[in-house]
Amino acid sequence: MNKKPELVCPAGTPAALRIAVIAGADAVYLGLCDQTNARNFPGLNFSEEELAQGVDFAHERGVKVLLAVNTYAKAGDNKPWIKAIDIAARLKIDAVILADVGLLDYAHRTYPDLRLHLSVQAAASNAASINFYAKEFNVRRVVLPRVLSVDEIKAINEKIKVETEVLAFGGMCPMAEGHCSMSSYVTGQSPNKDGICSPPSHVTYEQLGTRLATKLAGLTINNFEEHEQVGYPTLCKGRFMANNRTGYLFESPTSLNIMTILPELIDAGVSAFKIEGRQRSKAYIKAVVENFRKAVDAAAEGRKLIIPMDHLYEGGEDTVGAYKKDWS
Amino acid sequence: MKKSPASKSKLSIGPLLFNWSADKVRDFYYKIADEAPVDYVYVGEVVCSKRAYGKDYLPDVIERLEKAGKTVIISGLSLIMDDRDAKMDKDNTELAADYLIEANDLSTIGLLSGKDHAIGPFVNIYNEAALNYFEAKGAKRISLPHELSAHSLKALSKAAVSSELEVQVFGRLPLAISARCYHARANNLNKSGCQYVCDRDADGLTVDTTDGVPFLVINGLQTMSYTYCNLMAELKDLTAMGINNFRLSPHDVDMVKISNLYRQCLDGKITASEATFVLEDDVFNAEFSNGFYHGKPGLEQVDI
Amino acid sequence: MGINLHNRKIKNSVFSPFFVLGKLIKPLPKLPIELLMQHVATTLEINHPNVMRRLESLSGKEFLICPLDFPYKIMLRLNHKSLKIKLVDYTCQVADVTIIGSFDVLLQMLDGKTDGDGLFFDRSIMVKGDTSALLTLRNAMDSDDINLKDEIIRSFGIFKKPITEFINLTDLIYYKLDHELNDLNRALMEPLMLRVKSVEAENSELKEKLSMIEKSLSKSNKKLYSMSRRLK
């Protein structure tokens, strides 16, 4: 019998942390105000003091806190990353989410009791990789990249001993995470180095009559007609031309949502479900966490509960992505 | 063609990233073997395990390259998801006694641990700690990630203890890999019924913005830069920081001529601007870029 | 992709309680309204130092807030650790960031009751200008629990009680007005919505047909391909 899966929720700000905890998170994940985490957006994240307060608030209510230090430390200047891991150990964070082998090595050697999770940014997409991280750094849980089907996840879980966590709701990254430099190719800033993809500093919206053009570093990413839902100009969710056709070549503006296949994923041995969206508002966090709390509880009892969240989907659409084989 | 004995720097032909027909691949490597002034040649499938099906030219190619005095390195897949991928990679690592294997996934490094091996640009080595960690596991040649700037390359070169570092100096840059096949998708197909349509575009399928600005190309599961990386003018800098291995990524152009230009430039026989001038004028018409090296957006060309 | 008109409140409806409020205050001079808003802003400043810290990088930036159902635009200027509010004429255009939407929606966003991204995706709000500054403002405001009603009440110190009563009364009036104006909006919009619905239905029918044609096309494509392989 599987253990009841954990609901891991985003906390981009102290207020979002409180909302997520109250709305039913089993764990919240968050980052510090710098390039050490993969949601390095302006105005977001935690100072060391806010982090300490957040940990108290969560722990008093029996909720775990996971610190994401999931970018790759810079050569010649790894201090911010080392500092983040040291803070995690000092504040009794429940686990640190890492991707960089150098940092995994440091954390494992320096703080053998600190629980380590492997970030989705490491894109460990097969059992042998996962076993490597488990053996070398005593990684206890792996967040799987959004490229695997339910069957592949099941096959992986049969060959590994550590826990797996999957992305359940929110951003729909069609590329293997941690191996994408499309953003830095166009803007100079990347998820791996800078903790940011398609940075807002390079985004412009242009209203052209009834059409809204969204641009990134001057390149047109999309054109929305008046009747269409708008999407943020993330590079891989743009409308482009190839083979004389224009369309969503990589992925359409859409939200990942696995509510319909929660029981299958639990069956495949998944231990935790992660809601993406540290950059989203409190109102969003509240709605998504409350709904997923109900759905995960139902799924753990073998029931399928589907709560529509149309108004929260990017582009007004949702998808189960690569979890179903026909996506690829 | 003989290389200058004075120069420590070595040129390599990176793994062919595109899905060319067996005949075309064979001809390409034979020509490289016979005519290109390069020291290392990487072979093997990096992008998609489906492509390897039914292609049995590798033994011939390797034999020809070795006879010509090139060192052959076998590159592995950059995204390993299912049993077919895992098997292909495992088969590769069983050749480790005879060849240097280039790992592009952590699972491959696990299989090669303790044996001498190479690491490709798809393994994220961004800092000294990661570099030294992999060196301790037996990495002897490390081809660094493409988005690193000169600042990072310099720091890594300083920290390298037991490995030789390599940087790609020519060719389109791989930017992303997915479970989804974009070539199939662009042709209204899906991956399982892809009909191997990626064989239609020898240098990748161009992706334009709706304003008609070309900026990416797709190559099966892989997304690449539209611009061709060209670090001819940066070679001097790179060698000064102690990096001596330079990768030329194969394209459907005269790679022999291109290898000659880089070789001559490294040997100081022609200047970087002369070499680039010939490259642009004579070899083919392409947009070049060196932005990543200069800490700028990768698609930019910084004139130095 | 359907537009979800059916269960969505028309957020940008022109006839809102603020439209009525706007008509009522239009004859009043700008100054008292401006002072009142500045008072609220200063209260926010004092009560939420962490929010102000997050806004530090925006020093000097100007945000032009354009409520569609209000006679003025609101200019918010961030100086080092302070918020400055000015009411400007509806013709004013120049700012680092422009945010356009109904007053109600904008207030809900400030209160953290509604998701700004969602509002942007479904075009209930429109934004122009420096996206990074806008996002910083949004994230900073969202980083603490801001309840506008409580802030206003708190800000009036000893006059708390009468103010609370007044606000509760306006809340009630707002609710009633909102309800009735929604009826008016609905009466005006219903015929249009029906038309949209029928166009949508037609559209999705066409889409279905198109996808069937695409499927059969891809099937015959495959056949052709395998035939040509056999021929080879």
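Order of writing sets the chain letters: A, B and C. Residues in each chain are counted from 1.
The rule is short, and it goes like this: contacts are C-beta pairs under 8 Å (C-beta built on N, C-alpha and C of every residue); 3 or more make two chains touch, one makes a residue touch a chain.
Note that the structure is a prediction, hence the values are computed from the model and not measured.
K.L.:
Can you tell me which chain pair comes out on top for contact count?
P.N.:
A-B
K.L.:
Looking at mean CA positions, which chain is nearest the middle of everything shown?
P.N.:
The most central chain, going by mean C-alpha position, is A.
K.L.:
Roughly how far is chain B from chain C, centre to centre by C-alpha average, rounded to an integer in Å?
P.N.:
48
K.L.:
Centroid of chain A to centroid of chain B, CA atoms only: how many Å?
P.N.:
Chain centroid spacing, chain A to chain B, equals 30 Å.
K.L.:
Show the residues in chain A shared as contacts by 2 or more other chains, in ascending order.
P.N.:
none
K.L.:
Considering only the defined contacts, which chain B positions touch chain A in the complex?
P.N.:
Its residues touching chain A are 78-83, 85-86, 105-107, 109-111, 122, 124-134, 145-148, 151-156, 159, 173, 175-182, 185-187, 190-192, 205-213, 215-216, 218, 223, 225, 291-292, 295-299.
K.L.:
In their shared complex, at which residues does chain A touch chain B?
P.N.:
Residues 72-76, 78, 99-103, 105-106, 122-129, 131-133, 135, 147-148, 152, 155, 174-176, 178-182, 184-188, 190, 192-193, 217, 219-223, 236, 238-243, 245-246, 249-251, 322, 325-328.
K.L.:
Could you list, by residue number, the parts of chain C that touch chain B in their complex?
P.N.:
Spelled out, the residues of chain C in touch with chain B are 214, 217-218, 221-222, 225.
K.L.:
If we count contacts the way the header does, which residues on chain B are in touch with chain C in the complex?
P.N.:
188-189, 193, 195
K.L.:
Inside the complex, what are the residues of chain A that reach chain C?
P.N.:
12-16, 18, 41-44, 47, 50, 199-201, 203-205, 207, 227-232, 253, 279-284, 287, 310-317
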